[in-house]
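Dropping a structure here in structure tokens format, bear with me for questions.
Each chain gets a letter, A, B, C, D and E, in the order it is written, and its residues are counted from 1.
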Amino acid sequence: MPPSLPNGVPLAAYLGLSAILFALGAAGFLIRKNLITVFMCIELMLNAVNLSFVAFSYHLKQVDGHLFSFFVMVVAAAEAAVGLAIILTVFKNRSTLLVDEVDSLKL
Amino acid sequence: MLSEQVQGMRVTQALAGAAAGAVVDGKHDRGELTLEIDAARIAEVCRFLKSDKYERLAAVTCVDVYPMEPRFEMIYHMHSIARNERVRLKCKVGGERPEIESVFPVYRGADWYEREVFDLFGVFFRNHPNMTRILMPDDWEGHPLRKDYPVHGHKYSYSRE
Amino acid sequence: MADTAILETPSAALSRRRTMTLNMGPQHPSTHGVLRIVLDLDGEVILKAVADIGFLHTGIEKQCETKTWQQVVPLTDRVDYLSNLANNLAYVLAVERLLQIEIPPRAQYLRVMLTEISRIASHLVWLGTHALDIGAMSMFMYCFREREEILKILEMFSGQRMMTSYLRVGGVALDAPRGWEKVVGRFLDDFPGKIDMYENLLTGNPIWTLRTKGVGYMPLEDLLDWGVTGPMLRAAGLKWDIRKDEPYSGYDKFSFDVPTRTESDVFARYMVRMAELRESLKIARQALDGMPGGAFQADAPQITLPAREKMKTQMEALIYHFKIVTEGFAVPAGEAYACVESPRGELGYYVVSDGGTKPCRVHMRTPSFGNLQILGPMLENTLIADSIAALGSMDFVLGDTDR
Amino acid sequence: MVDLLLFAFFGGLAVICGIVMITQKHPIASALSLVGAMGSLAVLYLLLGAEFIAAAQLIVYAGAIMVLFLFVIMLLNAGAEPKPMRPSWIAVAVGIPAVLVMFAMLARLIASTVPMDSLVRFGGFTGGSAKDVGNAIFRQYLLPFEVISVLVLIAILGAVVLARKEMD
Amino acid sequence: MDFIVLSLLKTGLVAFVFLTALAYLQWIERKVIAHVQVRVGPNRVGPHGLLQPLTDTIKLLTKEDLIPSHVNKFFYLLAPIIGVSMALISISVIPFGPEIEIPFTGIKTYLGLTDLNIGVLVPLACSGIGVYAVALAGWSSNNKYALLGGLRASAQMISYELPMALSIAAPLLMYNTLDMRKIVEQQGAIKFGFVYSWGIFSYLGLPFVAFILFLICAFAETNRIPFDLPEAENELVAGFHTEYSSMKFASFFMAEYANMTTICCLATVLFLGGWYPPVEFPGVNYIPGLVFVFSGLMMLYHGTVNLVRARDKYTLPAFGIIFCGIGLAHFVPFLMPILVPLFWFLSKVLFLLFLYIWVRATLPRFRYDQLMHFAWGWMFPVSIGVLFATALLVAVWK
């Protein structure tokens, strides 16, 4: 094993990865126009946060971080159910999923 | 003209009462009653027969008696299950521009039978909702069951292709 | 017909109007031949079904006009290739009505027996394919195993397994072969147990009843109005069977029941046909037991071929034989309509003669053609899976439809 | 070493999937790359000793939620976005710098607070089994758990109500 | 380093055996169904058609790899890959037998590829991801039948995953672990002096209900009759794989059989006591060997003395000798601890697979809405009820 490489991964690398994914999610949230894709970007951000929870949990040798990501997952599931139902309704009413065109609260 | 025997039949009498003059001719041959109906009044006669317990229209078909005129004989096989009785209606349709009233509004079962007659004999049915070819391809030329339709010498030669 | 929509991709069709046009057939496992159905779907619900037939149209009616009266019989085999004896029978009955000849009792009994046995064969094909459509794949093999026995019987009588052409104007083609009683009797003994087995597999099966009960319902008035006949009508509660109501070929001498149901759904049609299997067995058994002796062809030398022995020894017989074979026999001018109860419903032959040796017009009132008209109304607002069950319960043969 | 390789591979995969997700035009491609990112994250969770979370990530996130997404996309047949993706200039002018700034801040934060010598090794933490998570849920975090169950119930009802409304 | 070499060896061995078994499973299915249907089944290639799987594989491999022009190529190709890989992965967590000592080396190892703390969750996760294969195949084929089939299949798999997870949860409550090896080892305890405490024998037989539920879900999950709507050929031609041919089709096929096998292994591990025999008595370890020897002798008898068909003259004695050899191997002292547990494990799995095939030859199929109603209206409440009842029993018992 080359001595220059550390025996393991720095925790900062995990957190950096988490930050990159979060930034990607945020960027996608801003530039994408399809409602569903926007929604998926939110999921990516949630995932990124989960990663840092789990990483910190490792760092602190506590299980609490796992619980937080577990809760995030459950909330994400609930959010997906309601959010997709809303998207369905929006599409049935307006026949479009472009966020730019869904600009009025009431039809 | 109608023979005594045919005039004595129940259907003939009922028809004479309901649609006077519609029955042009008739015969009772080999146990089967055939009534010739004025082609213009076929729908009317059928409507009456349906109310007269003739629940079913068993079949509609056509006979081409080429070269005689009127060329087409429309055949309607009516059947009464309640009376266990059958009667055949016949209408003569001329060959120039063969056309007759559709009985589809009376018996929906006439739908495909009339389309078949149109397809194979070229008799047009007025008031039929979907007068298109049924058995032959949509772009077929001619009406194969006509007597003057050639049996030999098909227009396509499959051997050369 | 929505022909243009068929060429579209599903995505385009979906985004345009939320319904999907599905082209089912002409090559599809469950359309039993070359039937094409254009379905308008909303999800899995059929909004509209349009049947497109004619892929098997071979112009048999036109061909009949170019054959002599006797030569038409093999053509009628090809119309409904699953119950060809019924087709033979309807045709020869019509011609015999024109000729006004008397058929000897032995020929009548042979006709009845073989027609009933071939009805069993036809119902077996229906049962096997219908069950296969609904997913019970073994039924298909069982049914075809029993059908094989029937085909062997038919081969024994006529020399042909499917296209028997066994009936002749004036009787049957050949007398019953030696040892036929044993073969037919063995089949009639074995078969009731087989029906019990089918019913064990299907009738009480919860999945089978779930799939069939209440599916494909049509009220009796609609069935009559659309010209539907046969087991479908009887499953709707109408006790009408041509064998009973307008007995032909000596059916009045046989005792049998006309099974009916009132639900008019796929299950009722299944039950009616299963009961008909047993009734046909009953008739065939009576025909076997009461088979009279005597001639198998009418005593009409101008029409029926002379016996081989006579033809070789007597001059007149040879002349008749030569005339019948070369130019056929003339039939008096007139028209006749003879109908029989085929496994699928009313099978009628309308025959017109101009007095010559060839028919002027032969129209086949085939049951499948009339029955299939109801397809559109029946499939409306059903699920795709139900449409398969409903199609199977109609028991159509495309050769019978398109002719 | 193996840890590092695995991290590099799956971390890289997650980033690539993330990039593909926000650049692909077709929603189905986006959804699948998101699934890929989630799968890679699940492997990273395993490396971090979070076995249960890794399995839950696959079963719940990738197996259920994303399938729901896929379903909706197929159901609506929300094809590729009609116009070439041209985000509004405000989003680009303000959003991208904002995202970059946010990223920089996060990076700074991480660099300043997290000790750089803290190494993650597979097997370094074994407190993430189903038993441990279950113990924590039902002892320490019982109230949040119950609250979340109520939330899920409400979400189910909401979804049913919304879906029914569009049925009429 | 031993660990890695051993793992690689085991992986290779399991992969080889598993893939061959999949091919032969299809042969078994064809043979069994043929015999149910009074047919002979494959019998041309090799004795009794035994080489049929090989020829099928060769044929499918060498067939032209068609890609229809109207498909979404990337996803179209991705779908079978996902399907088959997900199906094959889950076998890795199944334990086939206890810890054994490899003869002549003294190395001890477990029969099975790996033991995870969350072992039971892995097949669930894999089948969850496997849904993508079906949905993508249906969607990317750009064919209406495939689309309908794909939607049906994925909806069905998602619906039945829930009751399946619940019916797995019931025995998990009893075993108190997710590790499959520990689950089986718990079932190795002996009750009343002679019965092994298999899952289905414990807790007043309540797990038996869960077992039945699990089996039903397993049928639905693997899209087999009576739940084979997604590929109901009489309705949807071939469902989601309508547009697939050659090796891509074979991948789906393989995935189906792999899923079947895995799910049967899972049922064996969870409910049927894994590699433990049903009852314990002094000579129980000789039963497997005796079974093989007896069937070998039967074949010898029918192949030589009581020959019915001429073509069996060579095959039956050959197989008889092979079977006798296998049976005798069970009596070799150092092979016995390896072969006997494997025998019990495989015989249970094969029994369940036979059940699959038997049902396929017998039952008609459901309709789509009936199937969904069955999942949500029956399976779901019943499995929740079983879960609660088990929880109650466990709480009272312990």
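Operating definition for what follows: a residue touches a chain if its C-beta (ideal position, glycine included) is under 8 Å from a C-beta of that chain, and two chains touch if they have at least 3 such contacts.
All values reported here derive from a predicted model rather than from experimental measurement.
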item	value
Graph separation of chain C and chain E (steps between touching chains)	1
Labels of chains that are neighbours to chain B and to chain C	none
Chain nearest the global centroid, as defined over all protein CA atoms shown	E
Top chain pair, ranked by how many C-beta pairs fall in contact	A-D
Distance between the centres, which are taken as Cα means, of chain E and chain D, whole angstrom	32
Chain A and chain D, separation of their C-alpha mean positions in angstrom	4
Between chain A and chain E, centroid-to-centroid distance (C-alpha), Å	36
Cα-centroid distance, chain A relative to chain B, in whole angstrom	73
Of all residues in chain C, the ones touching two or more other chains	11
Multi-chain contact sites of chain D, meaning residues that touch two or more partners	52, 64
Complex contact set, residues of chain C against chain B	53-54, 57, 59, 61-62, 66, 97-98, 100, 224-229, 238, 240, 245-246, 334-337, 339, 346, 348, 350, 352, 360-361, 363, 365, 369-370, 372-373, 402-403
Chain E contact footprint on chain C (complex, rising order)	9-11, 20, 22, 28-30, 44, 131-138, 140-142, 145, 201-202, 205, 207-208, 210-211, 383-386, 388
Contacting residues of chain A [partner chain D, same complex]	1, 5-17, 19-28, 30-34, 36-37, 39-41, 43-44, 47, 50-51, 54-55, 57-59, 61-64, 66-67, 69-71, 73-82, 84-89, 91-93, 97-98, 100
Chain C contact footprint on chain B (complex, rising order)	29-32, 34, 55-59, 61, 63-65, 75, 77, 81, 84, 86, 88, 107-113, 116, 120, 133-137, 144-145, 149, 151
Parts of chain E lying in touch with chain D, wherever the complex brings them together	74-75, 78, 116-118, 121-122, 124-125, 127-129, 131-132, 135-136, 139, 147, 150-151, 154-155, 158, 161, 177-178
